[in-house]
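Listed after this line are the structures, all set down as structure tokens.
Shared chain: chain A. Partners: chain B in the first complex, chain C in the second.
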Partner chain A sequence: MEALARIAKAAAAAGASAADAKNNAAAGSAGFAYGLAAIGPGIGIGLIFGSAIESMARQPESAGMVRTTMFLGIAFTEALALIGFVVFILLKYA
Partner chain B sequence: MNQVDSISILAMRDTGPAPEAAITRDLVKHGLIAAPVLIGGSAAIWGSNGALSCGYGVLIVLANFSIAALLVTRAARISYALMMAATLFGYIFRLALVSAAIFFVRNLSWVELLPLGLTIIISHIGLLFWELRYVSLTLAFPGLKPKLKNSQSTFSTSDESTVKP
Partner chain C sequence: MMSNVIAFEFPPINELLRWKDVWAAGSLNKVGLIAVASALIGIFIFMSAAQKNPKVAPTGTRNLAEVAVEFIEDNIIMQTMGRDGLGWTPFLLTLFVFIYLCNLPGIIPLLQMPATARMAIPMFLAVLVWVIFNFSGIKHQGFFTYFKNVLFPPGVPKALYILVTPIEFISTLIVRPFSMAVRLFANMLAGHLLLVIFALLSEALLQARDKILIPVGILPLFMLLFLTAFEVLVGFLQAYIFTILAAVYIAGATHPEH
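For the complex of A and B:
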């Protein structure tokens, strides 16, 4: 946040109008928020797949059910990233 | 250490039926059923541009599911290590594809970003919850697997023989 404020100040010092500085800060914030929104699902997918591999190693005969649950779990986790992306798009362009 | 203990799970591969493909077929089928409702709702609120954007959003979601299933299914046939790579890097790859699919069309005249974004979120989560209805009961109590009159089983697993009541 401090970095974004610094960007806005630098833009203002460079002669950009207040509206331009605000737009630049908004674009930076939106990109920053989208990046943050993608981190959580990335960690979540890693955890899901790690647990799935562990389950398949313990009980290979249940691999089909584990993969079913894993696929749905990954898709649900990915929904968080999609929400972040859609919010980014709406804030930036709508 | 005997030979069985020394085999890594990552070196193994799955040659059984692919549940991801079956789930995705089901998701696509449900998506095609739900699409007219979503498109009709968007058309009522945002007009024809909203309907087109909504249809494009449904297409993105169904393509996203299909690509995910294709990557995981193909990779599992080769090795679990590759499946891990396909799952983790596939997430980034598919997110980039969705981003590109929206960025390339965002300035076109028929694109309304609000219905497009809402459709992506609602259809993605809605389809998953719809599919979960069939999967959750089956996982906890295989004997309660829903039986639909006019359709086949929603998916098959490698231990299909144990699922029968």
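For the complex of A and C:
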């Protein structure tokens, strides 16, 4: 908040309106929101896939069950990244 | 200098997602029409498949319908609910076919808009699944047993219920429908925006004033082709994941862990 206020003050000094400054700050942080949100799920999905491949290679007969569970795990992990994406959209456009 | 080599400006998001009403104000817009059309196409395929003689070798729509039913039974119900869950085939099949047919227009030329990229349809479907898994849980276990199993999972030390009960309440009754809706919506919206970005980028590069940029425009064009193929996969996968999550939630509500 303080940082936003400082940016707004600096922008007002430069002749831009406070709303412009807020939009710029929001657009700048939108990218960070998504980038940060993608780190954890990226690692998580990698781990899920790795373990799934390992168990499928060890026991090919259980591949069907492993695949179903893998998709479930990916769906739960991916939700965090997708919420980050929604925050990105909200920051940028709302 | 660099910034005006390609005068590339991304359109405001409402231009990509908000469609005008087709006939008059308050009537259906493109997204609504796609949703209605996918419901009708699904109904048509399965009705016409049901009309065919089951004793002769399947042809046409019956082939399609049989593949879909077998896919739901083998890959979704048997993996998550077991044999008892086969009675849920009609519901899950409807869910899967409707979501898939809503996702598909995202890559069909001229339509180019997945109906699930607006929040209304995923949210409605998620609320529907929420109502159904809660009601089937209440029906199978009784009102108090169901909520006792959900909110006070057995096998947890008594003192931990202070911590576990709010978490279970939020994760089962609030986060489940929310994350289901957001997962479908955000995936389809992200795919739609990616296609738009690469289409606009290749258009801007292929029509650049600087002649040297025109061959570079091939790259985003290839990316666009690749992403379109990827969206085929994503549309299928999201329908599959939504259906499998619905199956898991219903199975969890009807057969509690002991």
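Just so we're on the same page, the second predicted complex is superposed on the first by the 75 of 94 C-alpha atoms of A that agree within 3 Å, B and C clash if a C-alpha of one lies under 4 Å from a C-alpha of the other, contacts with A are read in each partner's own complex, and residues count from 1 in each chain.
Everything that follows uses one rule, which is that a residue touches a chain if its C-beta (ideal position, glycine included) is under 8 Å from a C-beta of that chain, and two chains touch if they have at least 3 such contacts.
Note that the structure is a prediction, hence the values are computed from the model and not measured.
Under the clash rule set out above, the superposition-derived model of chain A with chain B and chain C contains a clash between the two partners. Of the two partner chains placed by superposition, only chain B is touched by A:I45; chain C is not. Within the superposed three-chain model, A:G64 lies in touch with chain B and with chain C [touch as defined at top].
Of the two partner chains placed by the overlay, only chain B lies in contact with A:M56; chain C stays clear of it. Within the superposed three-chain model, A:F85 lies in touch with chain B and with chain C [touch as defined at top].
The clashing stretch of chain C relative to chain B, chosen from 43-51, 61-69, 151-159 or 187-195, is 187-195 in the chain A superposition.
The intersection of chain A residues touching chain B with those touching chain C, taken from the two complexes, comprises 64-65, 68, 71-72, 74-76, 78-79, 82-83, 85-86, 89, 93. Of all the residues in chain A, the ones that touch chain C in their complex are 64-65, 68, 71-72, 74-76, 78-79, 82-83, 85-86, 89, 92-93.
The part of chain A that touches chain B in the complex is made up of residues 38, 41-42, 45-46, 49, 53, 56-57, 60-65, 67-69, 71-72, 74-76, 78-79, 81-83, 85-87, 89-90, 93-94.
Remark: chain C residues 12-13, 75-76, 79-80, 179, 182-183, 185-187, 189-190, 237, 240-241, 244-245, 248 touch chain A in the complex. Remark: chain B residues 9-10, 12, 14, 16-20, 23, 65, 68-69, 72, 76, 80, 84, 87-88, 91-92, 94-95, 98-99, 102, 106, 113-114, 117-118, 120-121, 124-125, 128, 131-132, 135, 139, 155-160 touch chain A in the complex.
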